[in-house]
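Order as written gives the chain letters A, B, C, D, E and F; numbering starts at 1 within each chain.
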């Protein structure tokens, strides 16, 4: 999966000397991939994500943002899982949908979600996020591939499998897809 | 100018009975133009705007949102004007830029701004706005074409032209472009 | 029109060493006209505006504040125009009122509004604004008298008049009334 | 002390059907004393207070608002006391000032403050408060004259005086000056 | 009364270089009494308070926080007084309760409240406060024992007692209990 | 692991008729386990969690709250994992600590964290959370045990293991520990 982020961390409340501001403080040419530290209190981000055929944006959360996504090209299978229900006998619910160009989908703040290009061609989306500092937590990386591993007893109890399974999951190649 | 709004007024903090929510509460098929009143505290909007050749989104403000715009197709000339400087001897500044596909531009909250398709083909943008209730004020409509006209003395003094000019401006055809 | 601003940009959450604060950090003698940069997160401003007979505070917006105004002396004709209705076939509405001493009026955040002294004597108001950094955008200045003019095609299309009218509007004397 | 409150509890984000709103939803004639429940999310209040000669607005707090006050007529002695210092060996500080017409003073959110007309004539102020629901707690009323008295042991320990003094303070005539 | 504050002024939005953060930025060993200035935007505080038998946390307010308290050991008599009612003929209400281990009580933001250990043994509570910068104003200290006394006329009028009573109250030993 | 939640969802801004409020609107007797729907905008929760020996609160997030935890009894091994670093070649960091009675630890909003009773006796903590509606997402439940399983291709790609491992993880007994 190829991923190009136009992660715009800009700020509508300007702290620079107004006489020193130029139009380029508000402009970001195509395929900018860096954060833009000059301006920082906008309260919104806009990103473009490109998916190769069968490319996956794996289960992840944004700890500080809701995401609204529109498909521009391709066919995406998307979904999210709700937080724990109040009733301890009820499972977390999953919501999934196959999206086509023009379709819009919402991922509520902090919930685990994913997008999967199920078409044979590239897919392209634009997504707005309700913070200039959204954060991303890729679940597989945070749980099984942190710089030091999470305690083995914690993970065997949490996932209810034996230590060999956990070690096998921890041994897979680490990749940071975005 | 053709304008299609995918104005997503949705809410990450769900007030419906969780057992009654379906995936379609988070999904909006392509070319949806209506507000979606079921969900209302998301804190973000995402819109698509289509511009015919030489189509104009005329000077307007969003009283409650900053806007981040990315060009998907076409060539757009965009700009905004700053608020009054603290120094009464200094004029409001204008910032303008010609944008191409992939370029991103920011319009800070409440400032007067415009987009103009300066190419011979359609232009398409996606814009994220930092509120689910942004508001739009088209300046020409609000100043010269409200349901009852603004007092003639107010407008002649404000624009420093005689009453005939104001009346001529008020007599133009009213159009609400979005 | 004479305008005296007691623009109090002060901050209730004190960042100075508490041992260094004196009562004068909270006090602003009469007819102070400057911003007070020492303190900056109060969340409120208070201004006094004086109007000569037939003085006008021309159509303007505050991009980040609602305004509540009380008349102390004189007779003021005031008004504001709503933002664009959801229904594209409906015009923006205007609300106006003639105010006498003791009357209070509210101008919601970001909407275009004006005050006009319609009496033969001076008028005086106090206005509270819901931000310590309200901003002011005088519509005529921002649209027709920015430091570089807005593109002529943009303005002729927006106001639906020919270029001579726009140039005439742009040629009027620039004045920053507050 | 005579006190006239123009307590404007109005709301810039209108929940009424926009077709049903009239200008009187934004207008409050002179000497209005009631709350205005129709509109309620403005984020600001504006009040007028009139003080008879030697009239006192006794020590009180606003639990949810900073106050900015401007003197229109008369001579006011005002003050506030800071919250407890971090150093337990340091006393709370008092800040006081005598104000004349045109002077502005700030009372930070939640701090105990007072205004005292020290002139022989009436005094008039306008005050902006950073909430539409500021609350007022008159210290003498809340501590010594609640509907049921605060436990005597609590008050004798808190004020370090014997029970007779507390009972004497509790026995004074209750008055709600606002 | 012995009072141990674990006043955690920490910040979830880390401003330090992420490579320089260690686990001790999130850890505070038992009986820490100091503010922790490294991190400061958490939006919450957690405190432990220990009360000797018949120990009193005297009437005070937190100008910027609601408090939720749970009793771990002992028996506490607690209460708060409401802000002034809208009806000027109605007194402030008091709400009191005797709490036992496991009981939870809420003190709304800015209201005057107290806790009193009415048992023969120590009492221990944990309290969460909805700000990392809550502030504390001990009423007796702020009103009668500020560094310079509040004007005598102000206090005699406010409490409706003669100057000797006020001077007696001001003469008591100053103590800052937390 | 036994877990008793005193989840206090109460509200300092009272919407009930003030004459109808009683002290029990602010009081919650010990071992209350239900949500308290009468009051709902407090902005803070306080919970007690009891851990059996070797009891685990498995990796989970709170999508809308930072958590501050104090240990009252027992020995807890706690930790959290940071969100994805900006540098795609750097792994998520883990922070862990063994806590004893009196120790305080902070889990920043939205990050994956856990607590594990590593002692032979029960452990008890109190935790303050910076929202009255924090949400809980148990990672193992949300990823492997939602009401309908997440698509197998999504999970095999995300965790980089074959389908049999994913099916084995999905087949474990579902348990909602809080």
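We take it that a residue touches a chain if its C-beta (ideal position, glycine included) is under 8 Å from a C-beta of that chain, and two chains touch if they have at least 3 such contacts.
Predicted, not measured: the structure shown is a model, and the values here were computed from it.
Path length between subunit C and subunit E in the touching-chain graph (shortest route): 2. Matching the C-alpha atoms of subunit C with those of subunit D calls for a turn of 180 degrees, to the nearest 5. Homomeric contact subunit A/subunit B: same residue numbering on both sides for over half of the interface positions. Work out the mean CA point of subunit D and of subunit F, and you get 42 Å between them. With centres set at the average Cα position, the gap from subunit E to subunit F is 28 Å. Centres computed as Cα averages put subunit D at a distance of 21 Å from subunit E. Shared contact sites, meaning residues of subunit C that touch two or more other chains, fall at 13, 85, 93, 96, 108-109.
If each chain is drawn as a node and touching chains are joined, the picture is one closed loop, every chain linked to exactly two others. Starting at subunit C and stepping first to subunit D, the chains sit round the ring in this order: C, D, E, F, A, B. Residues of subunit F that touch subunit A in their complex: 35, 56, 58-59, 61-64, 77, 79, 81-86, 88-94, 96, 108-112, 114, 116, 135-151, 153-155, 157-161, 165, 168-169, 172-176, 178. Within the complex, the subunit E residues that touch subunit F are 6, 8, 10, 12-14, 18, 21-23, 26-32, 39, 42-46, 48, 66, 68-70, 72, 80, 82, 85, 93, 95-97, 99-109, 126-130.
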